[in-house]
């Protein structure tokens, strides 16, 4: 009770503020607050519950047994002081003042002694909140003390920059490619003037392989392009491929003399010049 | 090559914690070692480094090599940037989410008794310490927040259960408890706590509570 | 604290090599250890790690821990990335080369209606799915592209003729026009064909030849 009284004690030379006519001198000693940084004072509390807890703890009071009248008086003194100093006060602080005042008034009413239980105790709700908040406050302080990265623990950095890393190549499914091709065909059809001739693929493939074999040879005898083992089907494919290559101007079919062997050669740059 | 040696190299080269499963998946599908073998290699490595300036530590998302806390004041001098500081408001919000998850912003405000600034929630989400786990099916469908593995990793924890235990709340029913005898028993149980935990201020106070009741109720 | 232990922590935490002088400067001015002492701590550390999967190595700008060469193939797997995806344009180009070979880049652009980027051709050549089979003897001598054996191998085809014919695809899209869903199913069937019957060249080709002949002759 001494501490509580000292709150409103007068006659101190360092008068900080005047609340309701009473001089105000008692800054909380365990909080270092420069008197000219009053905003800091309010910032030091995380809210009305924090302030209440501070008042309770400072006097070694037990949460379950808060002398409501006394705490309310102190709390409201602080609030008054803060508003007198024109600090911007969060609404929550005023709400708490109202809650305290309400509890105080209810405590003054006569109690039904026998049927007393916690729901009837006007303090119960507040106590529960204070307890819960204190719990969390303690936990947050402990979390703050845990060794943590960047402050107490550091990642290690071992050089691996010289290590060769495989760059895997993208995967393609046949279906993906076919769907892409379908799109091309649709677009090509819309550009109607472009007719994509529907050659069988075996012919297109053979066209490629004939060009390939001509690359190293100046010319090939026509019959060399037909393999007996391929049968009639192969002959047809090769024949169509040669005709198509000729039509596209990629090869020349040459017969130097009548009844001589027919030769196939890549169309040379010279031959198309006039 | 010795499995332990490969695991050691992987854990050193990786820039984040790796689980046994992730380590396993580094190996080609048909050559993957058993999880048990990897686990035992990891445990041998933990022993190997027990007395060095670095340690192999299990955190929520796996194992990582880190510089031990006792040398951190020296290591801190390596970096010009000071480690980030977190406000009380942020730490309290984080604690509520950690211990009471899943919680809505309203729940947090209820417990703290003040509004929670959007910046705090944003910072927690950006650091990936907290995520939205669901939405509560009440009007407005507020987000329900929970903590992440990154939160545990950052605070050097392997699981939520490694968080400091929450102080037990003193029993509210004591307020109206008519039977003084029961109270005695309770307070004796309470009394054993402070010995286990010499700095446990809270539980000593709980004892006081019970004795203090007489004057309050009587 | 033991100097070696601090040096070890510093070398592990630093993200670049550190010289003896740099290590020395981490200490407050009046407490700086002698360079010789740091040097000898470093040398002890080199010995300590001689048989581990990492080594403390002297490089041009100082000392740093790095992964040893013998384990580096494993560490390489750690950093392997997911393969990227090829663009639609690349797939179209590849399909045109497959179906219309031998073709010049100009032909491809004609069919696609847009320019073909050099990168696409380069990628296809590098992948060895496409090669230059000849040059067309027109001004500029453009390359004629065709597919390779690697292309067939990759798609598990014995011959190009195992690809669905244009006619088959045209039929497919005609069929599928009203219902997108059918297209999906059909094209999936297409895909399974070559795999089910990788060597059944004869039967597919028989169909093709007929359709091909019609268009060639008609």
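Observations, loosely collected:
All chains are identified by letter, namely A, B and C, in their written order; residue positions are counted from 1 within each chain.
Just so we're on the same page, contacts are C-beta pairs under 8 Å (C-beta built on N, C-alpha and C of every residue); 3 or more make two chains touch, one makes a residue touch a chain.
What you see is a predicted model, and the numbers here were worked out from it, not measured in a lab.
Nearest to the global CA centroid, when each chain is reduced to the mean of its CA atoms, is chain A. Seen from the C-alpha centroid of chain B, the farthest chain centroid is that of C.
A separation of 42 Å divides the Cα centre of chain B from that of chain C. For the pair chain A and chain C, the distance between C-alpha centroids works out to 28 Å.
One inter-chain figure worth recording: chain A and chain B are separated by 21 Å, centre to centre, where each centre is the mean of the chain's CA atoms.
Residue positions of chain B touching 2 or more other chains: 12-13, 54, 65, 67-68, 72, 75. Shared interface positions of chain A, defined as residues touching 2 or more other chains, are 154-158, 160, 163.
Taken in their complex, chain A has these residues touching chain C: 154-160, 162-188, 191, 194, 196-205, 207-208, 211-212, 214-215, 233, 236-237, 240, 244, 249-250, 266-269, 271-272. Listing the residues of chain A that touch chain B in their complex gives 46-50, 62-65, 90, 92, 96, 116-118, 120-121, 123-124, 127-129, 131-144, 146-158, 160, 163. The touching residues of chain B, counted against chain C in their complex, run 1, 5-6, 8-10, 12-14, 26-27, 52-54, 65, 67-68, 70-72, 74-75, 77-78. Residues of chain B touching chain A in their complex: 12-13, 15, 54, 64-69, 72, 75-76, 83-84, 86, 88-89, 91-92, 94-96, 98-99, 111-115, 153-157, 163-164, 166-167, 169-170, 172-176, 178, 202, 205, 208-209, 212-213, 215-217.
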